[in-house]
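There are two complexes below, and they share chain A, which is joined by chain B in the first and by chain C in the second.
Let's turn to the complex of A and B:
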């Protein structure tokens, strides 16, 4: 259960040129180990830049990033070691598949790490199992699969490297509601059984409410809020100001309260709301 | 790394060269290149240099920029100069000679003239075309100039469309490449170390997804175009009509004058024999 700490991290694209563009400004935050941390923000708020710094794909223009106690840029030549420890699943990861079979594609990462033999086979098969890929799919070409299955293969390719920290950039983008729930559910199970540190980027407040423990909110390249779901969602005004919305069901509860119904507004999922409301009805009868 | 690639090297601006009709620019570039090869005397070469200099001033681009643009051909210039210097034979007395090399005065002149000619050629054509014309305007110009070929049942419009689509997608594919490279780097790919063969092999996990992406994009585009009833070139009108202005004709006249002057320069007697 390793945590990641950012200390005064800033990042600018093409620094010292007329095209300089600041993507992150003086961000200091700790991502708690062993939890799912949701990263939210409006388009262009710096989410993707933030994510790409965590595994050393981008080097901060200033500031430091610590993985546990280790400064990840202490030895720039060994940055690939950091990349093995912090797995990164990009947006639309199915666009990076290239091997002849699903099995070989999942094996790409672990082979680069130097894994072989039984250990390699075990890593591949357990990763495939976590994302819900059945055995017979492993020998198929990834290009024959449906979009949702391709996504699973790509995610398995990163899980197979058995990283300590997993960063996922919109893992459910473009999937139907069922595929969404399945993939995010798989990630939740993976995180819980292996007690990994997971960072999840998403636009959907509903997904965030359902799957993450803590939230980081970015606005205009700076850190706006960080805290548990409840802590963050209670600051409705600030969230609105960042161009984001509370989960739909929370907004319903807030509206109910405004109409004079005495309900708890710290409710973020439909199931929870349903339970609260039915409990209320029962007790009032 | 990949972000640094500039495409077509177009530099935005509002100079007379920028606003000229691209068709006229294309024709004048061809004219200019042909004329350069008729220069035969010192005066003609001096005139050529002067005219190119005037062209630079007209473009409003900085000299620093142009020098950067000429850098890639530096070795070609050097090579041409050296070859001409040492391997031009003449009946006159040699200037000096050592080992197997003999240098004649004619060789010196030829070397200098060659370098000046190539320099003017590159500067002139890039100033007139690539630096001051957007790739799209250039495609338009080519299409219009080749449109007589339509009569021979050659689908010029379709070729032009393909060309502009290709140009349009270069930045997009570049972006895709960066994305895929990052994704494979995150899975431990190493593009920077190892032998040449190892590095070439390391690129395979980038090239295959890139190819797949390119096919997917072109398929999407084809479907989208079809949905908007794209039927090919026949009878299509255009949003931006190219029109010749008085200034374009003036430019043509100036270039004709430049050509005529260059020809006359050839007949001014000089002491140098070429």
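Let's turn to the complex of A and C:
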């Protein structure tokens, strides 16, 4: 269960030119190993830049990034090794599918890592299973599949490299409610079964409430908050100020509190709110 | 006649699909009243975006008819009039903006329609006012947030003077504030500017703001009614991969628990409605 630590990390696009744009400023934070950390923030807050630094796709303009105890840029020539250890699923990853069959598409990453034979086959099949792709789909062309299934193929391609850390940028974007729950549920199961470290980017605070253990909040290129889901969501004003909104069910409880009722506002899922309100009824009867 | 969009027994299938593949839209009949605010819900692949594209003539029905303000979309000479009447806003704002300055982008469509210059000026200013982006008229689109870009895209549609605007998952790529901005803009367009709104979305919370909700599944209409009625069919919604807004879900579960008999027959569509219901009981 490996953690990632950022020490005073800054990043600027086109540095030392008139077009210089600072995307991250002096961020120091540790992503806890073996948990799902949600990364939230308004558009342009620096989330994607943050994510792309975790596996060395972008190199900090200043500051250091540690995977466990290892400075990932200590030997820049070996950065590709870091990319196998920190897997990255981009937004709309299904646009990057290209092979003739689902099986070959999932195989691409592990083959590049030098995997072969039975081990390769095992990696491919177990990755497919984690994302809920059935055996008979493996021989189909990925382009015959629905958008939701293509998304699973693309995620399986990263899981098949068996990375220690998995970074996913909006893995459920554009999916209907069931599709969202299935994909995020699969990621949760994968993370728990294999004790992986997962970083999840999403604009849906409802999804964050259900699937993440800890949260990192970025605002205007800086780190605003980091803590457990509860610690972060309790800061309702700061969350709002960061251009975000708490889950709708939390807003219901906050509205009740504002109306002068003594209710616990630290509920972030419908299940939690239901439990609090039914307990309250039972104890008052 | 007070109907602006009408589908009569419409069938549509995409080409090059398997022979046994079902039709994307299967015998759909639907009338949308002028000035109404209708949400269309459905799973990925249910046919809802196909229906939207049929409504402004991007796609043409294989069978049946689509009438826009009485005009048949298969009559090619009517297409320009149809698209002036019904505008579409898509998912990705970056794919919809063409100019390097906001006001030029908004002027793009009316210029192409041959609207006189002084009239264009008026339309652009009005459209930017309506979406609250007048102060950004001289900005470059890339300097804007996602929600702001999407509002500029809406202004570009408004400048064509449509009666109806179809939003095809227009909030899907936005952050929470951006989504809120767009939903506020949509409500304003409906209530104040009296535009007919068709909102295609995967967010139940957004659909709950509409007056009417149409649920499409496997190319056919499964539910159609006032939003509070449609969201009472929770089992059916869950069975086709949809869900309820959290506020609606909470009230429904409390009602079912038997511990809140006061909620019998009550529904909440928004957090305010849920809070008002619960306040009256818990006080």
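Definition applied: the second predicted complex is superposed on the first by the 285 of 285 C-alpha atoms of A that agree within 3 Å, B and C clash if a C-alpha of one lies under 4 Å from a C-alpha of the other, contacts with A are read in each partner's own complex, and residues count from 1 in each chain.
Just so it is clear, a contact is a pair of C-beta atoms (placed from the backbone, for glycine too) under 8 Å apart; a residue touches a chain by one contact, two chains touch by 3 or more.
Since the model is a prediction, treat every value here as computed from it, not as a measurement.
Chemist: Figure out whether A:120 sits in contact with chain B (first) or chain C (second), or with both, or with neither.
Modeler: neither
Chemist: Now for A:225: first (chain B), second (chain C), both, or neither, which partner does it touch?
Modeler: neither
Chemist: Which partner, chain B or chain C, touches the larger number of chain A residues?
Modeler: After superposing on chain A, more of chain A is contacted by C.
Chemist: Once the shared chain is lined up, is A:148 touching chain B (first), chain C (second), both, or neither of them?
Modeler: A:148: touches chain C, not chain B.
Chemist: Is A:236 in contact with chain B, with chain C, with both, or with neither (first, second, both, neither)?
Modeler: neither
Chemist: Is there a shared patch on chain A that both chain B and chain C touch, and which residues make it up?
Modeler: Residues common to the chain A contacts of chain C and of chain B do not exist here, since the sets are disjoint.
Chemist: What residues on chain A touch chain B, complex-wise?
Modeler: Checking each residue of chain A against chain B gives 14, 52, 55, 57, 80, 83-84, 87-88, 90, 93, 95-98, 108-109, 112-113, 143, 157-158, 161.
Chemist: Could you pull out which chain A residues touch chain C in their complex?
Modeler: Where chain A meets chain C, its residues are 41-44, 146-148, 173-179, 203, 205-206, 243-245, 247-249, 251-252, 255-256, 259, 261, 263, 270, 273-274, 277-278, 280-282.
Chemist: What part of chain B is in contact with chain A in the complex they form?
Modeler: Those residues of chain B that touch chain A are 3, 176, 179-180, 182-190, 204-205, 208-209, 212-213.
Chemist: In their complex, what parts of chain C are in touch with chain A?
Modeler: For chain C paired with chain A, touching residues are 42-45, 91, 145-147, 169, 172-180, 202, 204-205, 241-243, 245-247, 249-250, 253-254, 257, 259-260, 271-272, 274-275, 278-279, 282-283.
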